[in-house]
Amino acid sequence: MKKIAILTSGGDAPGMNAAIRAVTRSAIGRGLTVYGFMRGYEGLLDRDFRVLSARDVGGIIHRGGTILQTARSDRFMESFWQDRAAEFLKEEGIEGLVVIGGDGSFRGAAELAKRGISVVGVPGTIDNDIAETDLTIGFRTAVETALDAVKRLRDTASSHDRLFIVEVMGRRSGFIALEVGVASGAEAVLVPEVPFSLGMLNDKLHAARKKGKTHSLIILAEGVMSAQELKTQLKDTGGYEARVTVLGHIQRGGSPCSVDIILASQMGKCAVDALLEGETAVMAASRCGKVQRVPLSWSWERRKLLDPDLMELVEVLSI
Amino acid sequence: MKKIAILTSGGDAPGMNAAIRAVTRSAIGRGLTVYGFMRGYEGLLDRDFRVLSARDVGGIIHRGGTILQTARSDRFMESFWQDRAAEFLKEEGIEGLVVIGGDGSFRGAAELAKRGISVVGVPGTIDNDIAETDLTIGFRTAVETALDAVKRLRDTASSHDRLFIVEVMGRRSGFIALEVGVASGAEAVLVPEVPFSLGMLNDKLHAARKKGKTHSLIILAEGVMSAQELKTQLKDTGGYEARVTVLGHIQRGGSPCSVDIILASQMGKCAVDALLEGETAVMAASRCGKVQRVPLSWSWERRKLLDPDLMELVEVLSI
Amino acid sequence: MKKIAILTSGGDAPGMNAAIRAVTRSAIGRGLTVYGFMRGYEGLLDRDFRVLSARDVGGIIHRGGTILQTARSDRFMESFWQDRAAEFLKEEGIEGLVVIGGDGSFRGAAELAKRGISVVGVPGTIDNDIAETDLTIGFRTAVETALDAVKRLRDTASSHDRLFIVEVMGRRSGFIALEVGVASGAEAVLVPEVPFSLGMLNDKLHAARKKGKTHSLIILAEGVMSAQELKTQLKDTGGYEARVTVLGHIQRGGSPCSVDIILASQMGKCAVDALLEGETAVMAASRCGKVQRVPLSWSWERRKLLDPDLMELVEVLSI
Amino acid sequence: MKKIAILTSGGDAPGMNAAIRAVTRSAIGRGLTVYGFMRGYEGLLDRDFRVLSARDVGGIIHRGGTILQTARSDRFMESFWQDRAAEFLKEEGIEGLVVIGGDGSFRGAAELAKRGISVVGVPGTIDNDIAETDLTIGFRTAVETALDAVKRLRDTASSHDRLFIVEVMGRRSGFIALEVGVASGAEAVLVPEVPFSLGMLNDKLHAARKKGKTHSLIILAEGVMSAQELKTQLKDTGGYEARVTVLGHIQRGGSPCSVDIILASQMGKCAVDALLEGETAVMAASRCGKVQRVPLSWSWERRKLLDPDLMELVEVLSI
């Protein structure tokens, strides 16, 4: 193998640049040429790329977002365009491709694998909703960013005897909501995976009030409903004045925390090693602190579950 | 004067605790007893207070919000209740009152001054919309918090070729929006004080696009319209995918920055000095880096204007 | 079991307060009374304690340090005082003790276990040098704090073509140094566990210089030597102007990051569960993301090793 | 005027990049060509420059350090080299020069003014020790960075009943030390401008101890003596265990705060306006919130004094 390519796809996540750096430098160190495609699969179809040097990826390790940019690609859903992409890569003599993104992006990569390109997936998404890897790149930074915002809300909540309903990211999964909930000492955490009752919420708020808590926090994953909708449904707030905050896109940005940089660095190297050892259709996965390879298809065939002990912890510690 | 009281009123702001500490310690150092009333004028009417010691205000200097809590008081709008409050203070032998809050709170304080209580206002609001003082406590921290959020949005905006419309606080005034706009290198800043044209905005976005900018930022003060509404009105975004973010209450919270702590400390001491020198109906004001006393009524009689040079700077530097 | 006690011992670490909160609330939720001893074993010997309520531990979850304070205790090294402590606990009807600290503190706890007190250790130290637990409370926050400082040094290093030698904490172990080194993209990481050669360092610096790097970073664990000493020994720096920075105690403080809060919360609950199930001389350990119980003695009998893959990563990615 | 040049000189400071951006874009907007010289006067003598476009300075507004790098230049002290530099600028048709740095750098610039080059100084130094401007670029960020570090030390100090002696930057002046001292609630602030007595310090520490303060802070400007030396001289610490921390170079780095970005943007534009209006040997100065021009020579002829009220505030509020 002489040439490999790299692209970032789907939503951006803090640490993607550290992964790009790790793939590029690991590959160059092993004598490979590295092509960086812009805007995910769109750039691959538009043949929009640049050859990356070790210096090109200097100074990006701490930068949020992705220097290769990212985009949705409807074209790449069609096998016609998947054929074009595979052909182009072969013409260019690019035998390996590293795709940094979520399971949607990995399904696309699998199509290229079927067409003879060696592909490795690096899980990069703030949602952490990819099975068989303990962590995805960007998750820890997103939790940290959301927690920092919630801490600010606590100050003003305590000063006004308020209930804050905070909507965090997570369409399909409650990983961000759950960790932010535990780390912020929230009264309740609402996630798509677990049904909840408004009556129970009311009781909790009344209880908190009775205990003399000067504020109350509900962390809500966007996948459940909007914070505004919950506020409307939640007529009785136990005497707390209710306020709504939607954290939104700030959760995607910012300089990656150490965990995400280290994870991205390990996974980037793992991806290059896999390609050089002739593997394909695998994903770099973090399991018990070690980064190893697992079948790429696991990322969409299997489901990652929330830790029930963490859910219980919210109850136990919010007394 | 043997006894003074202190309360925080209106919306909370980072640095209010530093002001409480400064008032309390300056007063105790001068031999006074300090009463802290809870929940602003509500606590004054409910006679809900505690005597504050120098230790009670230890370790609060860096904490956001206000340990005395704050609240709106409709009752205190009525002269009946203003009489009650003045009587109670006299019964307790409390001759001076320091009110930390905005111009609305100062109008209430003025009513107590008419009733023979010496009152001093300390301007505490993140909006910075109080005339005759260069700064209000909490403004700089709010700008910093908003800027930090906008920096995160820039990362993801650049990665997706996006336009971000960011709604910051400021119902009547654009001080936060303007400073965040300059400090974040925004394409445009929309404030209540200055009319704007959608056509001009479109032109700017097209121009930015032509110049090859990978992202574009519009900072919007809530007083103009909601970010969502602007997005709807702004049909043509020059090819950028538009996203909306409402920063909301996170702008009120957080540990105060050094400017707000120092300002609060100076103003707190200034307020106690004023009371001991027999002044009343004055406000502690920061003018050219010096904290001095000005008539309290100026805070609502006069209007503070945006710096036109800063508005121009947004144009000049966003080329 | 009706009464348990808790104390923090050894150096303080961010997240200890979250652990105190978790132990207290888990215990109260199970009907126990919780005694908090001040200044570690010193407070136990001085009988300096307070009964903790669920509210007493409200609002401390995000605070650095420990509200119970901590101290070294030479007296408690002697079996005479260990007898006194055990007797006192029995007199008071305190059957269980949770010790938050490092392996030194756990040896002390083991002495109380021998004397019939049920003890559980919760690993709290920024050094992460406790065997059989993947993480100790405070480690992740310390790495984050150190990384943030190193990022600031990078700015000024790049502006001056400088080499920065940064001394981080870690007397016996290089866990902080290694993770900070990978996350900051350092040229070299020097740790007590791995010998190094000055010649090799010189070569690296020359190589970095040749590659056109505008700055260079060496992360040094204090256990190897002082940064100043390394600078003196390192005569040839490949043309970089060398500067030394000792991060020092700032690495101990600050609000805990989400990982440390969640870890502390899980371990605190685990400790209470262990006591209620009649266990003693065990430690709460994080293994593969799950918190479980392991023999307390493992903490000093076994040695935790650095991840060799991470050491290699520094080499691979600093090209 | 068709061409101007810009360079950064002396120690780097957060906000220098924002100033480079402001100068470049203001100049390009007015039809000028902008030359950026690398490594301060060294690059001017080595003719090491690049022409800067509006895009070249895109995305640097929030970055610490200076993209033009900076360096000391011994050569430029000699009039022989000053002649060479002026000649070269004239050959290139560069009529105006903006120097971002401290008073030392401004003296150099004045030599070029004598040789017929229009020069404008932009005060950039974290020390804030330049007369006739209320603020210098980088000062506020440095204070914020130092305060953040001291807040971390407070956590661990409170947990151990400790005295922390924190050495901050400031060889000739105590501006950083004073503001950090007030903002951190320090017991004492030692600055080069004001003599101090060890006896008084001892008394303060004993007093603090008596009042039951769990920790004590002394902020020390490096210009007074080293923190280690103070610790040695300060035998009696009133029962507090003394620890020393030298914040060092981290105070220079980091993303600039909003104040520094806005200040740098205003000063950058002011410098270009001055050149276009035919002025020379002037400095952009911030006075009462307005940026205006003052004679460049004032920066070294006059002395900026500490605010005695702030010094007093430390005493008043540390009771």
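Descriptive notes on the structure:
Which chain is which? They are A, B, C and D, in the order written, and residues in each are numbered from 1.
The rule is short, and it goes like this: contacts are C-beta pairs under 8 Å (C-beta built on N, C-alpha and C of every residue); 3 or more make two chains touch, one makes a residue touch a chain.
If you're wondering where the values come from, they're calculated on a predicted model, not measured in any experiment.
With steps allowed only between chains in touch, the distance from subunit B over to subunit C comes to 2. The rotation relating subunit A to subunit D, fitted on Cα atoms, amounts to 180°, rounded to the nearest 5. Note on chain placement: the centre of subunit A and the centre of subunit D lie 39 Å apart, centres being C-alpha means.
Computed from the mean C-alpha positions, the centre of subunit B lies at a distance of 28 Å from the centre of subunit D. Centre to centre, using the average C-alpha position, subunit C and subunit D are separated by 35 Å.
Residue positions of subunit D with contacts to 2 or more other chains are 151, 154, 158.
If each chain is drawn as a node and touching chains are joined, the picture is one closed loop, every chain linked to exactly two others.
Across the assembly, chains come into contact as A-B, A-C, B-D, C-D. By the touch criterion stated above, subunit C contacts subunit A in their complex at residues 21-22, 25-26, 28-29, 54-55, 58-59, 61-62, 134, 140, 143-144, 147, 151, 154, 158, 179-180, 182-185, 211-213, 255, 257-259, 261-262, 265-266, 269, 287-291, 307, 309-310, 313, 316-317, 319.
Partner subunit D is touched in their complex by these residues of subunit C: 8, 12, 14, 16, 39, 63-66, 69-71, 145, 149, 151-156, 158-161, 164, 214, 243, 245-250, 252-254.
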